[in-house]
Amino acid sequence: AGTKLNVGALRFTSHAASFVAFERGYFDAEGLDVEFKFFQAAQPMAVAIASGDADYAVTAISGGLVSLAEKGAAKVIGGALSEEPGIDGQKILASNAAYEAGLTSAKMLDGRSWAISQAGSSFHYMGSKISAAEGATVSFKPLQKVGAIIGALKSGQVDAWSIVPHIAKALAGGGAVKIIGNVADYLPNYQVTTVFTSADNAANKRGQTEAFLRAFSKGADDFNAALVDKTAGDEAAAEMVKLIHKYVYADKPLEKAGKSIRNGAMRINKNASLNMASVTDQIDWFKSEKLIKDSITVDTLVDPSYSEMM
Amino acid sequence: MSENMHPNNARPVPFRGGGFRPVAKRGAAIIVFTTLILLAEWGTRTGWITNLTLPRPSDVATTLIDLWRSGLLWTHLSVSLSRLVVGGTIGITAGIGVGMMIGLFSYVRAGLIPVVAALFPIPKIALLPLFVIWFGIDEASKYALIALGTFTPTIVSTYGAVDNVDRTLVRMGQSFGLSWWSIVRKIVLPGALPGILSGLRVSVAIGIILLVAAEMLGAEYGIGAYILQAGSLYDLERLFAGVLILSVLGITTSWIIGLLEKRLLNWRG
Amino acid sequence: MSENMHPNNARPVPFRGGGFRPVAKRGAAIIVFTTLILLAEWGTRTGWITNLTLPRPSDVATTLIDLWRSGLLWTHLSVSLSRLVVGGTIGITAGIGVGMMIGLFSYVRAGLIPVVAALFPIPKIALLPLFVIWFGIDEASKYALIALGTFTPTIVSTYGAVDNVDRTLVRMGQSFGLSWWSIVRKIVLPGALPGILSGLRVSVAIGIILLVAAEMLGAEYGIGAYILQAGSLYDLERLFAGVLILSVLGITTSWIIGLLEKRLLNWRG
Amino acid sequence: MDLTLENITHRYDGLTVLEDVSLHIPAGQILCIIGPSGCGKSTLLRLIGGLEQPSAGQVLQLGTPPAGCLNPLTYVFQDFALLPWRSVGGNISLVLEDHGIRGAAADKIIDDVLARTKLSDFRAALPRQLSGGMKQRVAIARALAVNPAVMLLDEPLSALDAQTRELLMEDLIGLWQRQPFTGVYVTHNLAEAVRLGHRIAVLSRRPGRLRDVIDIDIPLGERHIGDPRLEALQTRLWDAMKQEAMAADQELLHV
Amino acid sequence: MDLTLENITHRYDGLTVLEDVSLHIPAGQILCIIGPSGCGKSTLLRLIGGLEQPSAGQVLQLGTPPAGCLNPLTYVFQDFALLPWRSVGGNISLVLEDHGIRGAAADKIIDDVLARTKLSDFRAALPRQLSGGMKQRVAIARALAVNPAVMLLDEPLSALDAQTRELLMEDLIGLWQRQPFTGVYVTHNLAEAVRLGHRIAVLSRRPGRLRDVIDIDIPLGERHIGDPRLEALQTRLWDAMKQEAMAADQELLHV
């Protein structure tokens, strides 16, 4: 048996690289005996890394993660999901009511409300950046849970939101909301999620960490080839969907789930390379919003020794 | 008829008593529940209630049946129950112990009552991030959350019950020269039992409510996790199915405590 | 000395009473709190407690002072208090009304007690997504959540209190020919007041606990929102500062209810 | 105003408590009802006052209550039944308010009944500040305030200690002497019955049947502790009831 | 075993309840203590039994308790003080268990005391199934079980109704006649005092001082209701106490 590892995961397509690496034996090949720990939300996952309940995980850069890094408990060691011009990425949504009242593109955001889960979440960052780019003032509504946000959006109580493509398309397809733009148009090369681990792992378990990243990258490559670049052919794509279905939407039939999985496919960075420009921008934004201490720098958060920094 | 037997001015004393003693009429509850459910069914079918507002009761029933058929109901229920039992047992046992101490010793009382008063209004969900650090993300943190939630109300009801034990019984024990420990065991404890048991109802209800909070922390199975997942997908049928299960769980435990009271407190008649 | 006055076999009757009446010793609580805080301060300073586990008490104090200096404390506190007051008033008023009805009318009792029993163990946070649809994300949903949370416990304590009103007083009222409404107003209601007020303590504590849940929904300000944000940023100083504020709020309201009891129930002596 | 009980029978869920009791209660006299524990004395009094309805038979009032009588049939309860949240004065005004008597009119009545029961100094006191004897005096004052045609007293002294009981008995006799009222006085206490009753009705053990009705001709004012005629009567009653009382006491309650 | 009270004074937070009470309690006799409400009778009894410590003075026991006496000073309380969750037998075995008496030894004692109090049939009954008179009999049986040197009775009959009181008084006299015990019997009730007491100690209103000690020479067995000598004594006591009793009753309680 190899080194025992706990990998934190959410049941989202964006975590597919880990699932692929596990199912296809890439972890085993690196001598890693991986067990998944599933979470309902990203925030507790970050805390679990700090507490040592999980060793590696993938999540968006949030205020909580930065705060834990500042306490010397977590480190970002690589990049995962990225926005990339030309690839179907996160969408900007408007509620039907707002759409009818004129919110037909992100240009009309001024004076509108924007749903976020919590202050300092990626939704907050995107909304803030997009509205700033359009010179609009928006009010942010913290609603904690994606479910609550969807409810609020459907009933027209918030005007706009941004979300990963498969949820956006499913909602828009049902006629409940309207898609009014792409996040990638405002935040090209946005480093949506990162790979991170405890500071201890990053500093003292270099071999294990590198092995994890190698296996993870191989999984990412398979995923990109099958569903993002679609260079591996239809059969490989179908097989990939089937693999991911074991983890995501497992309680829905494959036909239904498959569509969502395909819709949700976004680029996972090759070799876990990290877009430093985007990370720096995000940290600066946190500081400007006074969500984190001014003394925090990119170095507090990132251990650059593992992956290529773009 | 009596008019013939008595002078004209004889009349029965008017009745003016009765009332102010509501008696539970069996069956009324069934009618209320049925009416509510039929109303919801009718409303959702006619579209008078949108499917965003309320799920169709029949759909909730179907969801429940599917859940049961798939066997997942037992998976969810068994893990939730074991969390409730372990966490609740820890919290309630500790609560009864501390409550007894507060009820018996001046210094413990003086030192701990304010601490308990300060702990009571703290919402346990606010402490979730800390619980991860303190107890990890596995069962320990769920047990701890439920234990903490049941701990404080049990303390309060226990020392209240001890305070209410008839002091003449205690004086009686002393007057017969019973030892301190005998008095605690044979007089104070059984005398406090009714109060402790009725406090248990509240504690267990709080435990059930906290299941949802506890299962916010890395739980894959469990009624709370099921509800949370349904909520995050805005899947109303499953949300209501889960809530219904919790509600039934609450009524069942309260009924079990009622049975326990009947058995243990049969001396109350 | 008495040996000289009495035969050799005279001895005082041994004392065997006392005890079992703990009296609160003032000051003990202060010692307990001070010890706990000093321990935490010492532990965090020496590193024996990591900064992931517990914030340094002095840092929490600094955070609180900063919050107060910046004026944000009042902003947070005032919106939370107004939510608590409005939601609590709605829930408690409705709860007392329904509780009185249950206590007075057989059919209401039969129909509603099971409904209340079924509502009690439903965790309010599970219903958050629904509250968005039902009441929106503005103040209404916060009021509704707190109102619903205080509603059921108030009902239970109110009808319990009405049930406990001495029926001989009611019979007395009837025997003097008082009207039904007079009996309710002058006998049942004041007789139930002690029970209702002591139930209020629990209801208000639940209201405070639910502030956090209520402010999960689109609240920018409020102690609950402050705590949630601190939690999501894993900012322990602010998290503890917020929890401390809630705790103080809870103790204060309980003290106010104590005052109210002293004033309204001065006839109990 | 007289009262007549006609063949009263009463049952509680199948348990027969009273059986075929017929009795006449003449105006201006005190009728004492005695009987062992649980024989239905309180039930009988509730039936007389209209607080309960008999399973069979009826209670009739003959004649009309005198003018100014606010509540013809008025109770004095064993446990006083004072509202603890109202002062002495407030407890009395309670029973006047519903008849629209307030302000000066009420004050006049309250002052009068408090004077008659020697409570004038205690008008503002709360029940918890009063001794048991005083509490029962307040209850009597309250009953007097509605100017009853018939006073129904259910063991009014049995919650009091022996000395207070003695004092209050003297007060009751004094009240009756100054202004004779019709009274139905339920008690366990043979000494009380022979001191206060113009007639004594003796009930059997449950189900209560009327066993005996005894008239006592000695005027109330002439009866004292230690009067040999009363002692003889009391001893006679005790001999008649002792077996019943013992049997009633030895019964297991099925609660 | 005799008891002697030497200059007992007792205060509760500044309120003097008893003042300079000295009293001798000889073995084999019943001493009755009477006095108005709140004069400190119960307090005095608690001091005698060692449940409270006097502010000044002392209570001495002279001689040693007889062999086989498990609890020299044993109470019978006004409100029975039975554990509601234990049966009649269990309530008695409660006071034996701590002395290591269990099993057959305990059964023998329990059977004996139940027979003496005519309760043999009720050994398995729970207190709630018993009438007040039976409950007090159980309490007396429990006191007898520890074979006390002195029985301390605090108004043992005052929670009972008049007829049961009469029955139990006869039982107490019967118990004493068969096997005389030392008793201190606190009561309000002058009739009880003259029926049961070999000596009667009269306390004044609070602060309780010893006003009088009266010896009664008539043997207990010869005292009956309506005995003119007892009636005369009772009337004399009542005349002496009436003013005090009235004053005590009219006092406002400062709770």
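By letter and in written order, the chains are A, B, C, D and E; residue numbering begins at 1 in each of them.
Quick note on the criterion: contacts are C-beta pairs under 8 Å (C-beta built on N, C-alpha and C of every residue); 3 or more make two chains touch, one makes a residue touch a chain.
Please read these numbers as outputs of a predicted model, since none were measured by experiment.
Trainee: Which chains lie in contact with each of chain C and chain D?
Mentor: Common contact partners of chain C and chain D, which must touch each of the two, are B, E.
Trainee: Moving only from a chain to one it touches, give the least number of moves from chain A to chain C.
Mentor: Minimum step count, chain A to chain C: 1.
Trainee: Looking at C-alpha means, what's the farthest chain from chain D?
Mentor: Measuring from the centre of chain D, the most distant chain centre belongs to A.
Trainee: Looking at contacts between chains, which pair has the highest count of C-beta pairs?
Mentor: B-C
Trainee: Where chain D and chain E touch, do the two copies share over half of their residue numbers, giving same, or under half, giving different?
Mentor: same
Trainee: Measure off the straight-line distance from the CA centroid of chain D to the CA centroid of chain E, and report it in whole Å.
Mentor: It comes to 31 Å between the two C-alpha centres.
Trainee: Can you compute the centre-to-centre distance for chain A and chain B, using the mean CA position of each chain? Integer Å is fine.
Mentor: 40
Trainee: For chain B and chain D, what's the span in angstrom between their mean Cα positions?
Mentor: Centre separation, chain B to chain D: 46 Å.
Trainee: Taking each chain's centre as the mean position of its Cα atoms, how many Å separate chain A from chain E?
Mentor: 83
Trainee: Could you list the positions in chain D whose residues touch two or more of the other chains?
Mentor: 49, 51, 73, 128-129, 255
Trainee: Scan chain B for residues touching two or more other chains and write them down.
Mentor: 16-17, 52, 128-129, 133, 171, 174-175, 177, 228, 231-232, 234, 269
Trainee: Which residues of chain A are in contact with two or more other chains?
Mentor: 43, 47, 50-51, 64, 145, 147-148, 151, 154-155
Trainee: What are all the touching pairs of chains?
Mentor: A-B, A-C, B-C, B-D, B-E, C-D, C-E, D-E
Trainee: Enumerate the contact residues on chain E facing chain D in the complex.
Mentor: Within the complex, chain E touches chain D at residues 36-37, 122, 125, 128-131, 133-134, 158, 161-164, 166-167, 187-192, 225-226, 228, 231-232, 234-235, 238, 241-242, 245-246, 248-255.
Trainee: Which residues of chain C touch chain D in their complex?
Mentor: Residues in contact with chain D: 168-169, 171-179, 182, 186-187, 190-191, 193, 265, 267-269.
Trainee: Which positions of chain B touch chain D when the two form their complex?
Mentor: It comes out as residues 2, 6-7, 9-18, 269.
Trainee: Any idea which chain E residues touch chain B in the complex?
Mentor: 49, 51, 70-71, 73-75, 77, 79, 81, 83-86, 94-95, 97-98, 126-129, 146
Trainee: Quick check: in the complex, which residue numbers of chain A touch chain C?
Mentor: The contact residues of chain A facing chain C are 43, 46-47, 50-51, 62-64, 67-68, 71, 73, 118-121, 140-145, 147-148, 151-152, 154-155, 157-158, 291-292.
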